[in-house]
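Two complexes come next, and they have one chain in common, chain A, joined by chain B in the first and chain C in the second.
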Partner chain A sequence: MKHEIREEQGALVVAFNGDIDLQSSPEARQVLLEAVGKNMPILVDLSGVGYIDSSGVASLVESFQTARKGAQNLVLVSVSDGAKRVLQLARLDKVFTICDSLDDGIAAVG
Partner chain B sequence: MNDTPIPKASETASSESQVFDHLELLSQMGQDFVSTRDLQSSLVRAVQHITDYVGAEGGALFMLEDEDTMLECQACVGVTEITGLRLPSDQGIVGRSVQEDAPEIIRDAQNDPRFYKGVDKQTGFTTLSILCAPMSVKGERIGAIELINKKSGDGLFDDSDLHLLRAMSASAALAIHNARMAEALVEQERLARELELAAEIQRSLLPSEPEDDFPVFGINFPARTVSGDFFDFFELPDGRICFNLGDVSGKGMNAALLMAKTASLYRCLGKTIEHPGKLLALINEEVCETAARGMFVTMVGGIYDPKTGIVLMANAGHEPPLLHSASGEFSELPAEAPPLGISTMLVDEDGYPEEEFDLEGGALYIFTDGVTEGYKKDGSELGAEGVKEILSKHQKDQIKVRLNTIAGKIARSGEALRDDLTLIGIDGAAAQVAKKAAGQSENMNADIGEGGGEGQVLGAETMSSLRILSQPNRLKLVRELVAETANLAGCCMEDTRDLVIAVDEALQNVIRHAYGGAPDGDIVITMERQKEDLVIYVRDHAPTIDPSNVKPRDLDDIRPGGLGTHFIREVMDDVEFLPPPKDGGNVLRMVKRIKQ
Partner chain C sequence: MSEQDIVMEDRSAAQSVPPSVIEVEDLVTHYGEREILKGVTMEVREGEIMVIMGGSGSGKSTLLRHLMALEQKTSGTMTILGQNIDDLNMQEFTDLRKKLGVAFQGGALFSSLTVGENVMLPLYEHTGLDRKTMEIMARMKMEVVELGGFEDLMPAELSGGMIKRAAFARAVVMDPRILFCDEPSAGLDPAVASALDELILNLRDAMGMSIVVVTHELDSAFKIADRITILDRGHILMIGTVDEVKSSTNERIYNLLNRVPDGENLDPDEYLARLTGEESGVGNQPL
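This part shows the complex of A and B:
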């Protein structure tokens, strides 16, 4: 799994590329928590993530909860069908704000 | 009809009208015999008619009795009552007439040496003239009609009277013969009806035809209407199947009755007594106590467990059941105890000896000698070899097809059977499949634990198997293997995705919880196609866990751990930990039904 962080229109875009599984989720968790620490709205771009497991979902949840504490917005962008299925199984598809594109995401956090 | 005035020959004017009246008399007599079931009174009326018609003072009808050694007067009219009089069938005028099947006339009795004057002396009657004509049909002697003293003229008969009597006695003979035949026919029909009722009751003692996939099947074709053979099978409350087959010595009604008794006893006792040997001993006592002398029953009784394929069986003197192994070999299981109904002394206290064996996917056949000794179409006996040949040829067919094929070789429509034809078969194939599936966890040790992946379930295909170390970086490889395998097995995209999730989460649990993060544990993943199911086994050698502790966690409390188990249960159709293998570790079995 690789990741890329960039700022776009006042928001922090965290883009993952590759599977987020037991192997990679500790890294994903660290990346996300560090991003949340920057105190900006966060767009988690999952367009390059074909697979995410329960540990990856847990990392998302943890960073989402941390962001909420600091009244930060954290939205998911371009979620693949595979990742959506996992979120749905975890009953989290209604908890997260899921946007179809980066533009929608920026609008959502703006 | 009795009121119809009978014209008298002596009173008729012309020979033409005499013939007409004569025919009418015969026709009336015939009808009288047919229309009444009371032969005796028909005989009396016939004698009356003939006596009046010929114009005699008296008449008597004698019939042969006691295997034709005696003649007995069955009907009598006139001055002397001799009904019931019995004479040796070779004596006197009547006797001679019957023996020679020829009419007799003694025109002047008082001056004829052939006449025995004893009767006259007893009765005070004076016999002037005697006519006697035999009654016979197609050489079968029935008796004779004798007339005494002509009323008109000089009281003596002449040849024309003899002709007349001869014609009428022949008609009477035919009427009696027909009446007897009719009576016999009625009796025969009554017996046939009773026999058919008995057969119906007997058929009701046989079990009704089971579902096609039921492992036990039986056939009974009686050689006659009723049968001395029987078979039965029924399910016990725990799912085991109680079965039996028996053959009563002899045939016919007495054998059928003993069959009904034995079969009923077995069905009744079989529901509570779970040891066939003990059960046979009880039935033996009952049959010994009450059965007719010389009758006995050979019988095999047993219990089959379709879950394990194990048969518990006892044999009371029946011909050896045939075991046909899954690999095609035949072996016989001879009886070690005498038939039922011979003696209670010959049976051990514990009952008849029992034997227990595993069908191991093979089949057990029990039959009566009507099967092996039955005639084939070409007239030769089917024989034990013939039976084996059919069973080998049809080994893969349903048990029902196998038995029907055997029966079809012997029982042909429109042809009588040589003997009752009865056979029962127990098919262990289904049990073997079930047992293999249940025993999978144990087999995993040897086969999958060594990295192999032999299919353990009949008809199952091991599609993929992978042995990995308990390290997270192995998971991507597993996911790809699962996806490819599911795809190959025909799963749709969504199901494939779900299968990947389930296996991935299962492996995570093993790596994180079972092995506690240790990187040197081994995990074997095996994917099998079992008919419409994709079955996945995840085998580890970590300390055995208590499955009751593995629970999906509450979704409101979203934190790592537990969520994966929830995913697995959500996407798989069946998830279970199999009983712990002997050498430790755990086997998780997950099943996904493949949608068509």
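This part shows the complex of A and C:
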């Protein structure tokens, strides 16, 4: 798994590429928590993620909760169907804001 | 009637058949001198729910333990997730086992641990994840099985249905590729059993797991199965869809589906051989 962090219209875009699984989720967690520490709206771009397992979703949950405590917005962008099903199973689709595109995400956190 | 009256798929539909996650060929196994499985050949496909049925002593629980790679076989080959289990070293075998989840019949929860600790146990044993991540993973799976908020209870404080649910949560906490369920509905009232069936279907649909279920509950089998394997005295009588099984004209399958006691179809020669210790493969030592 690789990741890229960039600023876009006042938001921090954290884009992951590859699978987020038991091996890679600790790195994803660290990246996300560091991004949350920057106190900017965060877009987590999952368009390059083919598979995300429960450990990856757990990292998203922890980061989201940490962001909320700091009144920070964190939205998910371009979530694959498979990942959406995992989120739905745990009813997390009711928790996260999920946007289809980066533009939608920027509008959501703006 | 042949001993292996296997329904073969329409070859023209072969292109749409998902790949196998388990392949078993000519599996033979013994307990002592008794031959339990007598040349079983079957496969489990990616994303399907395969139900294994059969009467008492048919070998279905033994087959399940073999599919979970928990038993030593006498002969035959077994491939799980593309790996021939005979070719695996200890580390490869351990890695393979991490991809298999098991919901045991009685739950097999540790009585000295809370329900949450039980669910989290495989993560402790097999991953080096941060504790916070493990806790969230365990809680998510407890939510999935509708046990959210019960993490701090001890297993003794749970009902039978809740124990089964907790066992499911533990079995899927690591997102296994294949989930094995041993008699998930046994001992549960119909409403709770039906809810567990729904849970099995949801897990398959959401997580894309292949699921192998051993059950003797017909309603449950017909509700959840993509295909059913029917075992009889160590042989496969049939592998087919629910409709194919229901419409089978095989007498022993009819008896199984209609709960006709085995005694009504007694083979006198076989029965006498069993009583006198002369049955093939058992040996004839004095008791």
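By our rule, the second predicted complex is superposed on the first by the 110 of 110 C-alpha atoms of A that agree within 3 Å, B and C clash if a C-alpha of one lies under 4 Å from a C-alpha of the other, contacts with A are read in each partner's own complex, and residues count from 1 in each chain.
Heads up, the rule we're going with is that a residue touches a chain if its C-beta (ideal position, glycine included) is under 8 Å from a C-beta of that chain, and two chains touch if they have at least 3 such contacts.
This structure is a prediction, so every number in the text was calculated from the model and none was measured.
Engineer: Based on the superposed arrangement around chain A, label chain B with chain C as either clash or fit.
Structural biologist: clash
Engineer: Going by the contact rule set out at the top, does A:G37 touch chain B (first), chain C (second), both, or neither?
Structural biologist: neither
Engineer: So, does A:D53 touch the first partner chain B, the second partner chain C, both, or neither?
Structural biologist: After superposing on A, A:D53 lies in contact with both chain B and chain C.
Engineer: According to the stated criteria, A:V61 is in contact with first (chain B), second (chain C), both, or neither; which is it?
Structural biologist: both
Engineer: So in the superposed three-chain picture, is A:D19 touching just chain B, just chain C, both, or none of them (first/second/both/neither)?
Structural biologist: first
Engineer: Regarding the shared-chain residue A:V86, is it in contact with chain B (first), chain C (second), both, or neither?
Structural biologist: Touch status of A:V86: both partners.
Engineer: Show me the chain A residues, by the header's touch rule, that chain B contacts in one structure and chain C contacts in the other.
Structural biologist: The answer is residues 22, 53-55, 57-58, 61-62, 82, 85-86, 89-92 of chain A.
Engineer: Report the residues of chain C in contact with chain A in the complex, numbered from low to high.
Structural biologist: The touching residues are 127-130, 132-134, 136-137, 140-141, 143-144, 173-175, 202-203, 205-208.
Engineer: Taking the complex as given, what residues does chain B use to touch chain A?
Structural biologist: Interface residues on chain B, with respect to chain A: 472-473, 475-476, 479, 494, 497-498, 500-501, 504-505, 508, 511-512, 555, 558-560, 563-564, 566-567, 570-571.
Engineer: Okay, in this complex, where on chain A does chain C touch?
Structural biologist: Contacts found on chain A: 22, 25-26, 29, 53-55, 57-59, 61-62, 82, 85-86, 88-92.
Engineer: For the complex, which residues does chain A have touching chain B?
Structural biologist: For chain A paired with chain B, touching residues are 19, 21-23, 51, 53-55, 57-58, 61-62, 81-82, 85-86, 89-92.
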